[in-house]
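Only one structure is covered here, and it is reproduced in the block below.
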């Protein structure tokens, strides 16, 4: 009568690890799912810090060798929260070992790695092994609802996608050279870190693919102090020595979609005053939606089929129990926060794993986003439009 | 074939005189009306300043004796832009002389004066002489449209009226004792100057009367430097001498309406950071509207009959040609400003006069507002609910 | 070396019980506190539902007799999440038994009960037993930060407090007669449920007391279908029978504060389109703040000491690590939600208990709010200003 | 002692002619200028419509031959409000005839024409003949103030310019083929009509030049009914026949500025729900500004030099008397509208002409914008970055 249990092993315990922990901790408390999760093992490199993190974040055990986890029967899921440079190696091995994999975005730092991961995911699928890439913003209720509206034809033919992801945490030239600013670890800068989210979301929301892009990438501050301590997106300098910033501070691109829509994408860490302004405006022949994550409980919807005298963008507070995911939470107007997007992600992942269906976004979806980002880099380097590989 | 002409004589040329001048100047240029106005005479006390004002504001002649104007055949309309203390004398005489009267609000400084003016207006009506009180905010297109929505039943039974008029121009205790802060000239402070507008608008929008009130009036700064020069709402001190502020800085009241709605009214000149925040939110069983003059081209409308998942306050940009007054102006989104409310007022006044119908708000409407304000003063003085005289 | 543990017994597991559970679950995961909490016992009346709730919400044990809990050594804290009618009995007994008490607001349904609870809290304090009333909105980071700004003198002398708490969940006359609409259980309607929050917050933010009020209370829909199932603020009708609504649908009052400020308070469940719009605007001589819970991560601050050409209400996204409570959470712009206010409440409560200081808001604070509400009811009934008992 | 007079002849009396008329009518009434304007002649092709327009718009005379005007001594200024295809011919002739010229934007439909006009303006300058192109949005007080802030270094090094001009008046595929949709008259579509404004404004605000662009242009609806009657931006179809749309519905481009900033520009007539959303966000190392014309009285300014806990975009209501142009108008909070931008334009033009200085934007400024637009068209056609000619 009791539910099957899913043992989770999470690798990495920095920013993403903290928020994943809260999501794993909460998911069965709010959602009635076919399986119950156990926060079985927290895995990392530094034993001391790891023990402390496991205690704080509430994991039963710790481990420093992720490969050993793949042999344990009490581990069903590998949750990859490490920087992008290690995603491929871990994910491929885990899938081959028959572990379901939830992998943070971006899927990988290189296209080759992403392709290998997707191939591994495809092979594993045949053995009932599931995989998903963690584009958590798909699980913002307002965006999940936006997708419904668009799928229901409420926006009509899509004409424009205007997407931005604006932050300002490195505007200060004395902000240190953290790992997110080093290409060998992070793969790219604003492009892969935040541009990946809007590339994914835009395509997800309008259910269409970006086919070609023209792009511009810029690094405004090219030399920074070496990093000392860091946590989340904050950090302190480690001394007087400096190093080269090897990723983009900002990446802009124009896009064409397969269905005829056009788009503008802006990812930057230099939009002074913007903290986590991930937003989209989508214009269709019958209506428009607009969203900004800093006001994540709101979706703006303009219904162009109304009498023009009465039409206007309406602020839907996406906290009704009929909105996606909301029946699990609080009464209308009692708003949700950032971490809930991860709880929703775990909800969908657990349900998919427990019921034997493939969760989305799949590794193939993650690969497709990587291909968009790759086309952006090529276009920026070569100064011309670049088609996105299919 | 040419249109009849209406000769206007305007008394007073301060803030209200300037904006009325622009409205008289513009009204026939944008609206196709049955009469054409002439800015015939500007009337005031100080001959030198008057000549300069007439040249600047574009009036054909000047006069220092308003009584003499009443005998001139080329004057059809007396436009009263003086402080409230002189409204009754001028208006009554003008009406008796057969001149149409447009009188700035508040109608008068005392109830007795307002009653005399209303009686004069009633008597004059029989002789085809028209009168109107200048509650210009009724002619904000967004509010005129709000009234239509409410009249059409789109809000259902009205439950709440939440009205505020917030300014901050006298927050500084060194701001001088201008005429608007002296009871003998202004009648009252925030109450009559700005509270009158929201008392009028609230009743106008919901087409109902306030029947009783409980109120609070406060003067935060009771002594101020005597005034030197002033214009509009700005002024400079005239020296070291001070005088007593004899009007209210803020007036708050709760109200009951005849139809069962309840209301909150806030008029203050001490809402730091608010410049001309005249706003209303009206909640009914089927919907709500909200408005704030600082964003005067927007009306927010919540249609509660929609599916809750899709409902939300929508921002209607009231610049469509089907919106009240808008066919005369610019394409959608090319917004209007404060002065246009007066051009619309003159439009309605000229049309009423030329076609022989009574314009609204009538002097009786102005008197009714005075009665509300009087009940507020009584309630505040006596510390209990006070019925509004009918 | 391990931390002391606090055993929690929570009574009630409806809306408040669910959110308290999440807060108890999370508090040690994000805050480094001198004690660790155990979710030891969930207590309620219906054994079956209770077991299910305990499993869902993650409590170790269940109990149906709250009195028995008072004798257990492994229970340190009684967390009261029941309707107001049972608060006094439980809280007084718990305090007498030496248990720390966290009691949901309103403190009690009657002044006499609130006084008895406060007396019990005062007596218990001498024995090192702590008590706190759960006005969670004090722990909205934006409001905690607003209090800092005001305490630092950034607003100068306070002139106005404009507070509202607007909901619309019972606008539909067919919404059933849930317990919150029955005086014998809920004590009052909008007044005690939501008006209590703004009465507390207003006084807390400006650090002053309301001394007198004039009020209006209204019940728009006086008869409703009897209730069937309900959860949170949603419910379904239980059949054709109807019953009388014995509480207020809306309560409005004007107030005077000891320090000279004036205030407007509006609590209603009939503000169509408003879901949980708990907001305050506070105007002082040097600046203003504004807040609305539906955008709970934002505080608007107008600094009136700036050059007027540059001044304006600024939207502070209260997600910086230097903001109250925020160092525990996510990077800037990664917003928090409703439930976090409870996690912060538990954080402050646990710290106070573990370090032997009295947490705020105390039962005396809760009693003072009840006295304000009592004055409101008296004023509304008698049609005159009513002083608040000290 | 009386002021010199400037005789104005305006050519064209459609949308632009109407708003120019109101500006000429108002400019001396609000601004104390060294010359007084006369609305001497209205010039157009259709005699009947012209007479009616002159009466409505308040011009003293009419004329159907603009060349004849160039010989009249009582005409000092030629104000060109015709479609772009006739700008060059009229402007060059007028300048050669010694008439000051105010020419609506875009300066011309082709680069060759714009170059000829600029050459004529340069030649005329030596003879004391002035010329200006009518980018009215430079005279939005909020934008003039933004330029001051940026010039004063308040934004520091500029990093990003995010500009958009969004309309929706041709979303309906049945909207007819008006002149603005025909290349031979309009030159281009969204690009020249509205994109020109943001290209000009962006460069004006940051006082820098766009040096290269990569662009995308799209026509979503390629066939439309032939046009019947039209006015402003509204029109009705003239029958069943259709014709080809020969201009762009939307034009997007990325840009690099000489000083290192990067930019995004979006001009579209298909942003459903946006009426006249001309907006810019500019991010610098020390701060940011944001603006949208639909709320034209507001400028958002984020001062990044403040303590992060207190920083945030502040809404400056640009209606203080110390703001550009505002001393002439109403008290704070009494907002301005679209037409005032033209009154300000005429103010600056008249002052420049009367005092013998060159007004800005000059024809050279207009030409530079044309060069940007030309680079956009080339880039869009050739699928690569295109440098802007200097």
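Labels A, B, C and D are assigned to the chains in the order they are written; within every chain, residues are numbered from 1.
The criterion applied here is as follows: a contact is a pair of C-beta atoms (placed from the backbone, for glycine too) under 8 Å apart; a residue touches a chain by one contact, two chains touch by 3 or more.
Not measured: the values here are computed from a predicted model.
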Interface sides of subunit B and subunit C: same vs different residues, half threshold: same
Relative to subunit B, chain with the most remote C-alpha centre: A
Chain pair with the higher count of C-beta pairs in contact (B-D, C-D): B-D
Computed distance of Cα centres, subunit D from subunit B, in Å: 35
Centre-of-Cα separation between subunit C and subunit B, whole angstrom: 42
Length of the line joining the C-alpha centres of subunit C and subunit D, rounded to whole Å: 54
Sequence positions of subunit A contacting 2 or more other chains: 274, 302, 311-313, 317, 332
Residue numbers on subunit D that touch subunit B, as the complex places them: 15, 19, 21-22, 25-26, 29, 32, 56-58, 167, 169, 232-234, 274-277, 293-297, 317, 319, 321, 330-340
Residues of subunit C defined as touching subunit D within the complex: 145, 301-302, 307-317, 320, 322-323, 332
Subunit C-facing residues of subunit B, complex: 155, 159-160, 162, 164, 168, 171, 214-216, 218, 220, 250, 252-254, 256, 260, 262, 264, 266, 268, 270-274, 281, 283-288, 302, 304, 311-313, 383-385
